[in-house]
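Written out below as structure tokens is the structure these notes cover.
As written, the chain order gives the labels A, B, C and D, with residue 1 at the start of each chain.
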Amino acid sequence: MLSLLLFQWRLEQASNFAPVVDRLFDFILWFSIISFLIIVFGMVLFTFKYWRKKIPENRTAYITGHTKLELGVAFFLLVVVMVIFYWGWVDYKAMKNPPHDAFEVNVIGRQWLWQFQYADGKMLTNELIVPKDKAVSLIMTSEDVLHSLYIPDFRIKQDVLPKSYTNLWFVANRAGEFPIFCAEYCGTAHSAMLGKVKVLEQDDFERWQMTGKLPVGKRTMDHGQGTMDQQPDVTVGEKISLADKGRGLFASKGCTACHSVTGAAGVGPAVNKIFGKEVELTDGKKTKVDENYIRQSVNEPQARIVKGYQPIMPTFKGQISEEEMNALIAYIKSLK
Amino acid sequence: MAKGHKFGGHARAYIKVWAALLVLTAVTVSVSYYDFGDWNAFVAMLVATVKGVLVCLFFMHLMYDNRVNQVVFISAFVFLAIFILLTGSDEWFRREMKPVKVTDTASAALGAADMEKLMKAAPELAAKGKEIYGVQCAACHGADGKGDGPAASALNPKPRDFTSGVWKLGGTPSQVFHTITHGSPGTSMAGFASVSVPDRWALVAYLRSLSPNKPEDTPETLKQSGVDKMLDQGPGTRDQGPKTTEAIPVSFAMKQYVQTDVGVTDLTVPPAGTDSVSLGQKIYQSDCMSCHGFQGKGGIPVSVVGFVSEKERATLKTKDFAVSRQTWTYNQAAFIDLVSNGLPGRNMPGFADYSAEEWSALYRYVQSLRAR
Amino acid sequence: MSGHAEVGNYLTHPKGLRSWLTTVDHKRIGLMYMATSMTFFFVGGIFALLIRLELMTPGLTLMSADTYNKFFTYHGAIMIFMFIIPIIPAALGNFFLPIMIGAKDVAFPRLNLASYYIFIAGAALSVWALMAHGADTGWTFYTPYSIRSNTSVVLITLGVFVMGFSSILTGLNFIVTVHKLRCPGMTFHRMPLFVWAIYATAIIQVLATPVIGITTLLLIMERLLKIGIFDPALGGDAVLFQHFFWFYSHPAVYIMILPGMGIISEVIPVFARKHIFGYKAIAYSSLAIAGISFLVWGHHMFVSGQSDLANMLFSVLTMFVAIPTAIKVFNWTATLYKGSISLKTPMLYALSFLFMFTIGGLTGLFLAALSVDVHLHDTYFVVAHFHYVMMGGTVMGLLAGLHYWWPKMFGKMVHEWSAKISWGLIFIGFNMTFFTQFFLGYLGMPRRYYDYPPEYAGLNMISTIGSWFLLAGFALMAFYFIRSLFLPGKAPANPWGGKTLEWQIASPPTEHNFPEIPTVTGKPYDYGVVKL
Amino acid sequence: MTHGETVIAETKHKVPHHFDSAEQAFESSKLGLWLFLVTEILLFGGLFVAYVIFRGLYPDLFHTASQHLNKILGSINTVVLICSSLSMALAVDRVRQNDPNKAHQYMLVTLFFAACFMIIKYVEYTHKFHEGLLPGGNFTNAALAGDPKAPLFFSLYFMMTGLHGIHVLVGMGLITWVLIRSNRGEFSSSYYTPVELVGLYWHLVDLIWIYLFPLLYLIG
């Protein structure tokens, strides 16, 4: 409504909290605009009306203050800020108490990727699949340093602390794909720690839960201004090539956070122009980069570490299915 | 000096203050030897503050100083108090979250190839088995497997003596595996499905190492104990233990069912057990009574492996529920947490596989025991 | 003005570099602080420009992620610990506080020089850290990352620890000077408002800075001896570090803004030729802000896992700090009423302070309301908020003060038109750079992001272009300030017609400020004709 | 009154030019030191806050861990510091009464007590190092190994008593400096500011120990 005039872009209101937060945001916005105009209009008016050229120096009024006016202004402001506080506090409490029947998901933040663990043992990387119009409660912890799960379209954010659990809950009221950011500085690839929330209809969600297949054909409605990253959504059509599918997986599974595809130095070794070559390991032995080296490095990363890199790669055992593994290998092979 | 200091020549006052300080120190040290609960901290702080005030007023002449110095010094403590109280308002009032209980993914990914490898009793498997045995089984079967565990005295029939070579339900690896998984009906041997599949195979290897009589598996013993199904299923098959049904949403199952068999009208869910206290009693007697005694009075010596120091090992007995003051006595979630995880150090095995309704029945029964 | 001609002013007498390096004259120490701090301002500014260049386009534009992380840490650390905290209290405060209350020098002159050299030592340590492995933890050094990071965090925290002492000693010096060295007749209610502001800042400096001392000490011990108080892996609590850090750092934010407000309360009455509107209200709201600033630090940690009780308490208390600030802004605007306003450069900066600080203050309301802060915390909305308050507030106040007191400090007038042009460049550049960041923040772009999704590209481009205007404005200002020192001609003792004590002595003043100790009778801003 | 310096009777000390009178200089120095004491309290305050928070969170851990501290040595140390505080107060008193010889003796007694305090602390520390009760990461004590939070208590213990120990050492340095200047006859009843200030600092060090001792050693 009114605030739309001000912003030509409007962040999508994709959760139950979004309209609530936006209402308070607009209230403070209008209060700020009005008080800003009063101060600036007053200043500009006085400056022109009492310009040195119009009013000589010695003809100014002797006013030292007006306590009643000041107290009035102070009291009015006190009332307004108390209203803002109470309104914010009430909405905040709603954000902090998840309903008991919420669909619970474990979230593990780790240096530079998000892992979502479902009750039935499924583990997704950088991808949170949730049902529409159902309360979802995220129980979050971190493996190493502070992170913060931030979904702008849902207006929710919560820091993720090592060795303790914090909670976020929401009801996604719109199907589609929404970006997840890390909002607490966590090191080199803090800005690459991106994820996606995929909100599915109730039946699609249950089918995914049982079969692990995402809805085919129906183009998941993408978030406001175009999809997060430009590659094709890997789970949509089956017809794209294995290497392309691998490229989508390489990004969505969070590999890009540490392994660069352009040869630039990263936390992990670069993966371009490497297939079939000999690499030296930390214990000095040499090994050829072939299918089972890649497969082993994905499932048991600590087994053969390339010289000069730390053994900090998390295991993806149980998260990468056979066909996804072949897609990744095809992609790495294609990186000549 | 200009103002002719009032407090010049106060040697005698200093000695008196000094004496007072010594007395107060003696008081506070002696008080600390007695346990008044929270009062101890309060008394210690009160005495320390009195001593501090004495030092400030007399030794540091704050008494005769001008107003500004006094305000300055006191403001330091005011801001320190603000710091403590507001930080405390956060640290001491945080809510505790518990993560979702996820079914054991490790076994889910176990392939048939691994099952083959586990069945052949390897030496290091037996060593791992011994360690698990100490935690899960020593309570009844005794530290050396002779069936003379501390809890054995209260059991009838007596727990199996592995060194005797007698296997009631068969001694082949698959049969022992089946007995561990589903327990021995008619006796107090509960099923240990919550132990992961590799751990159970390690136990099998260790138990057979104790027993002189080691029969080998035959195809029909495999089939009879259901282990054969585990062999031929492909990689990533689910854990062979009891199937976790609640993962399938009821609404989905209903829709599938209606779509395939049109014409079914309604599906009534059978009522859970009769009144809950007797259900609680049944669970208590089957799983807990052997160590915690009939009335929950405890006092049964529990032989312990590992963590506890020498002198504690002999005297460790199960506690009397009525006396215990721990958090589980007033918080059911803590009770469920404690019982499902068990106390490895104190040789209490974990019992995880109860439905929510059985948990509350057991909890109410244990509370009724405490009330007697 | 019977200036002691033969004695010469403090700049020329006594002669020689040694006399400058071992001076105990508060005016010279003020100048040395200003020179050091302003150079750090330009160094920090360069890092800011590099950051903005990197963010011009998504993806790798100029530097790698590690270098970017180091640059925004340097920008933050240098600007805060080496520029914005010391510049007004230590540079302008040192110079003018004693003169404004009629004292010959600060209470402990040698301690004043010692605090300058401690500041230099701390700054040297931090620069050494930047030369060594640098630091990529952000200026907040949040654990456990600051414990895990393999950059030289110990060195830079040691630098901050040492600079903290310089800040404490300056604050201590000023409190004793204000209490004990006021000239006869200068009662507390006849002191200029700049002195009130510096006095309130000194109270915060003395009470808050020791806590950053113990925090940095514990962080160093955390890295060296692994004491584990703040390290969750060893049983400590990372949020406790945030409590320790912000208990100092929020009052530190008021150490930065209060002196700026003090200068504005000096400049507006003089150029509007009107008595300040509500002297007592402004004076006591400075003290009120100093007091409340110790109660509100938790609003930096609304989403860091703090308990709901603490969030509620901190949100209420943060709202209270808005009241005295709003009173001040209201009173400054009211001072202009029925005045005779001359738009010289100091006044231009004072009015732009009013303009930008109001935006900064009001956007603070968004961040104090709990539910809205959940969305806006750690996004570019916060970056825009604190730049509007710090750069739109303190730096505008500093520039107003510099232009206002330059004739008194150096006896040279600044070229008026080039000053106005540079004001225009800075005003446009600042708003262009930071007003767009409010939108970025609302749309959800997080802070400290080396790379961002493509839909934020347009706004970041505008912001970077704005930063070039700022570069032009400040370059021009540096040029005309330095050039003014070498121009012939001598500034009059009271070019702006000020009524406070520093305008009653020669400019530049003699080494002992006053030929004889003045006795004050009237109020500091007695402008205006009663009958009007 | 031109801004010359008034020379204080019987001492070589000149009142600095920017002060009007010796009295104003003395009062300024005292206010300056009180402010410094405020910063000291807030410096230690940070550690007290950490202590109170962790004790609130893990009360029983603090109880079991504090059994490993030696209450006797702690009590002796408290008595030693109180006596040193007394002797320092008497020293200041003597200087104010123009009786430098007795003042020197009292200062030496204070130094002696301070040295005793440091020696007892050294004994306590070596005993702790021997038992493996080291702070944080390098905690190797067997008895408390079970509890992951145990090193926290000893991290706090070593930080608090260590920082306090450093302040005692600095205090001993200051007292020696004042002793030397007093030997050279620089102080008299009309100018004794440094002695007064060092006295105040020393009493603060004692005040901090008065709070440290019960919090660390006497946990009920």
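What we mean here is this: contacts are C-beta pairs under 8 Å (C-beta built on N, C-alpha and C of every residue); 3 or more make two chains touch, one makes a residue touch a chain.
All figures in this text were calculated on a predicted structure; none of them were measured in a lab.
Between C-D and A-B, more contacting C-beta pairs join the chains of C-D.
The most distant chain from subunit C is B, comparing centres defined as mean Cα coordinates. For the pair subunit A and subunit B, the distance between C-alpha centroids works out to 36 Å. Centre to centre, using the average C-alpha position, subunit A and subunit C are separated by 34 Å.
One simple way to say how far apart two chains are is to compare their mean CA positions; for subunit A and subunit D this gives 51 Å. Looking at subunit D, residues 27, 31, 35, 38, 42, 45, 49, 53, 57 sit in touch with two or more other chains. Those residues of subunit B in touch with two or more other chains are numbered 68, 75-76, 79, 83, 87, 91-92. In subunit A, the residues that touch at least two other chains are 164, 166.
Of all possible chain pairs, those that touch are A-B, A-C, B-C, B-D, C-D.
Residues 60, 64-66, 69, 136-138, 142, 144-145, 148-149, 232-233, 238-239, 272-281, 303-305, 308, 311-312, 315-316, 319-320, 322-323, 326-327, 329-331, 333-334, 336-343, 351, 354-355, 358-359, 362-363, 365-366, 368-375, 377-379, 439, 442-444, 446-455, 497, 527-530, 532 of subunit C are the ones touching subunit A in the complex.
Touching subunit B in their complex are the following residues of subunit C: 179, 207, 211, 237, 239-240, 243, 247, 294-295, 297-298, 301, 305-310, 313-314.
Subunit A makes touch with subunit C in their complex at residues 7, 9, 11, 17, 20-21, 24-25, 28-29, 31-32, 35-36, 39-40, 42-43, 46-47, 50-52, 55-67, 69-70, 73-74, 77-78, 81-82, 84-85, 87-89, 91-93, 95-96, 144-146, 148, 150, 152-153, 155-159, 161-164, 166, 179, 181-192, 194, 224-226, 228-230, 264-265. By the touch criterion given at the top, residues 103-105, 107-109, 111, 168, 171-173, 175-176, 179-181, 206-211, 213-215, 217-218, 221-222, 225-229, 231, 234-237, 240, 243-244, 512 of subunit C touch subunit D in their complex. Partner subunit B is touched in their complex by these residues of subunit D: 21-23, 26-27, 30-31, 34-35, 37-38, 41-42, 45, 48-49, 52-53, 56-57, 71, 75, 78-79, 82-83, 85-86, 88-90, 93, 96-97, 146, 189-190, 199-200, 203-204, 206-207, 210-211, 213-215, 217-220.
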